[in-house]
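Next up, some structures in structure tokens.
The two complexes that follow have subunit A in common; it is paired with subunit B in the first and with subunit C in the second.
Our next item is the complex of A and B:
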């Protein structure tokens, strides 16, 4: 039981990072129809930003704040310069995002290098509660993600902006007729989704060393989470992230740990066979007219 | 200077030209209608006025201010709001959320709740269904919600695109009385596009006759109704339609 709980918290911390990525992917898809495969690279750049700040003597908190700001700004610039031009044809946005994977990876490798980067653990303590050893940093990652998810939910379901966002996801043209500046919402969602990826990157490098190639591994899982939950559905992404996290924990603790990835993808295939619209139902992307 | 002046508008979808040299105006509080056969370009003209379609040529003035080629949210802020064809209710939002969204462009946030109650007074069905999803409403109820949602913006000009489409004869009558009272109850001018000619002729004060993308006649509604051109172009082709629409009344 102790081992199970330990595994569960470990896998929840990884699931947290995946959930942050999944929320960004699912929000951007819901509003624009663009599947942004470069989202994993956004996370990688968040991690690298944190590493740069910490290795130049800044604290982890400063590094994490810088990661959120830098990646948020990157999302803004890329939306204004590239993705905005593809809003009529989201497939082109998807293709651009594939190209961005290569560009962003190689920019990082060119200026630094392709070796693994690490920072000292920001929270080094380990709590022991009833025989369960909890790494404080992992607990902090889960907590921070829970807070971010709660804020996101609250904003989407209760605020005026969330209402306009939901309306724009359902029917952009009618939302615009009611006075919603849909383009500004698209920019906002890109910035928010990217900032979450930056935060995810900071938390990732606080847990493990990362290389410039981490993005592709993460984005596949983030995309799986968005898809299992129902594309465009934030609650679905969170639920799917938890399900996959639990699956990881169970398989690492009780099954064969080397099959962890296979278990989660088998689960994904199974869920999509039974519920092609995802666990909580998604959108097919914005309507053309 | 009227509330809405459009001057020499051309519109097109890609290479296919729709409206040619269309000019019309709607006065403060006036109810105007654009009549014409299917495919004449009436809906496209409305979509150009509210900013969804960008005109190729010409100008759109709201109270004398040039609003040509501005996006729909800017027009909504200026008081020009469209109730689109097919109602386009947000099916997953509740009735109240639909109404609240209609008020998005407004600056006076405090007055929004009071206006929601006002809509529920004029459209009692919206009070009964306030917490239900928009998608759960019947077609007629959705049309009431669509008009009320448009009114939540406190528009000076409401563009109504085929509000009676697909409704039962009883609901058509109700829509007709709602439109007729829009000025009295909400102070809004109306530009109505409607296939049901008897409805349009009954509520409007001014009519424009459109054919093949052009305005071919413009007049006070009484004169337009009796004009030979109207009979030839519209009623002649659509006699049976007018007959059907008139019969249940």
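Our next item is the complex of A and C:
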């Protein structure tokens, strides 16, 4: 039982990173129609930025802030210079993101080699509650994710900006006629999703070492979360991220650990078969198909 | 919006110009024949130019990629369905060849139909559920397929050789031709490349190709006109899977050693990018894409990492500036030059 609880708590922190990346993807894909396969590379760059800052003597908090800022800025530049031009043809945007994977990954390898990078644990303390050891850093990751999720959720469902955003997803032209700056919202969502990937990268390198090749593994998880939960649905992404994270953690302890990654794929395929709109239902996909 | 989509991607090759406003001029048969004939001669004649071992083995891997790319070009260029799982389908062919040779002592020629059929069957199995749910989901599922395939291969134990992979003996001598010699293997690969381009042309010019294009241009309309959209999409994916299977089989006999990382997510991404770079709707697009990506960087002695960066940037530029790929760009260039000459 204690081992079970231990696994459960450990897998929560993995689930948090998956949720961060999944929310970014579900918002970008579900609300703007951009299929950005380079999202995993955004996370990788966030992690690398944190590593650079920390290894040059900056604190972890500074590193995480830098990761969010750098990746957010990267998202802004790429949206304005590349993805904006392909909004009416998502397949071209998708191909461009594949090209971006190649470029971003090899630029990182070129300047900072391909070995794995690690930083010292920012929070070293470990609490022991009833025989269950809780690593403080993991708890912090879960907490930060919870805050981010809450902010995102309320911003989309309660604020007037969220309302305008949902209106422009439902009907771009009408929303534009009502005075919603649709293009600016698309850019905003892209930047926000990218910044979340940067944050996810910072969280990830705080938990385990990362390599420049982490992106493609993570991005598939992210898309799995987005599709399983329902596109554009933040609550769905959280649910799906929890399910995948717990499956990962528990299979490492109980199931066959070498098959861990296969489970998320299998679940994604199963959900797409039975409920193509995702567990909680989504925006029925982007409009610009 | 659909109109804009078809117009900006309209290429001189597939259909006659729409509306006839500018109009692609009718090419004489000489103009039509000269490029394919040149490519044909170059492909067949390469070994007699004494290219050396390195260049020739590069040419074989270019050929292997071209075979798979022809399949993907049919799928994406004609039916408008993108797959980023083609390396996994190549892997099915390659592993089928290696395992059949090891366990059943099958020769290359006997394994050929098996590899093609098996890869087509896997494609059908994947396509059956996922093609139903729309293009974007399909892309993601095929990407997941690659991940799944690598995991299965790595965990397959002795049957798939786990992470170290499998070894295989060369093709050996058939009808007095020794295929262990690279030169003869190259000719074999070239023959397969020509056959795939021929098959691709057959699909493009047949009424089946027209059916696929109708699905690409407007799925709802095609369905309303009585085209069985679901069936044709799956069949198109299976056809392209068979190409990939054959490519994988040629690859395994060329490399004589395969491992799971050859067929993971990244090789798949590269295949998808190659087809876009070359031009998915052009007959020689696959060859061009494979040539640019596989052959050119090595010949120019580029540092592999720089080559990758240059390749990614080049690809992004091609997508933005020449959405039809390099071959389509060249064709456009030729047509506009020709117009200038004719006018003057």
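For this structure, a couple of remarks:
Just so it is clear, the second predicted complex is superposed on the first by the 284 of 289 C-alpha atoms of A that agree within 3 Å, B and C clash if a C-alpha of one lies under 4 Å from a C-alpha of the other, contacts with A are read in each partner's own complex, and residues count from 1 in each chain.
The criterion applied here is as follows: a residue touches a chain if its C-beta (ideal position, glycine included) is under 8 Å from a C-beta of that chain, and two chains touch if they have at least 3 such contacts.
Since the model is a prediction, treat every value here as computed from it, not as a measurement.
Judged by the touch definition given at the top, the superposed model places A:160 against subunit B, while subunit C stays out of reach. Comparing subunit B with subunit C, the partner in contact with more residues of subunit A is C. Of the two partner chains, subunit B is the only one that A:179 touches; subunit C does not reach it. When both complexes are overlaid on chain A, the residue A:128 reaches neither subunit B nor subunit C.
Of the two partner chains placed by the overlay, only subunit C lies in contact with A:82; subunit B stays clear of it. Contacts of A:171 after superposition on the shared chain: subunit B is touched, whereas subunit C is not.
Shared contact residues of subunit A with subunit B and subunit C: none. Those residues of subunit A that touch subunit C in the shared complex are 29, 35, 37, 82, 85-86, 88-92, 94-96, 98-103, 106-107, 109-110, 216-217, 220, 223-224, 227, 258-259, 261-262, 265-266, 268-269, 272-273, 276, 285-286, 288-289. Residue ranges of subunit A in contact with subunit B, taken from their complex: 160, 163-164, 166-167, 170-171, 173-183. Listed in rising order, the residues of subunit B touching subunit A in the complex are 50-52, 71-73, 76-77, 81-82, 84, 88, 90-93, 97, 100-102, 104-106, 149-150, 153. Partner subunit A is touched in their complex by these residues of subunit C: 1, 4-5, 82, 84, 129-130, 132-137, 139-141, 143-145, 147-148, 151-152, 154-155, 265-266, 269-270, 272-273, 276, 305-306, 308-309, 311-313, 315-316, 319-320, 323.
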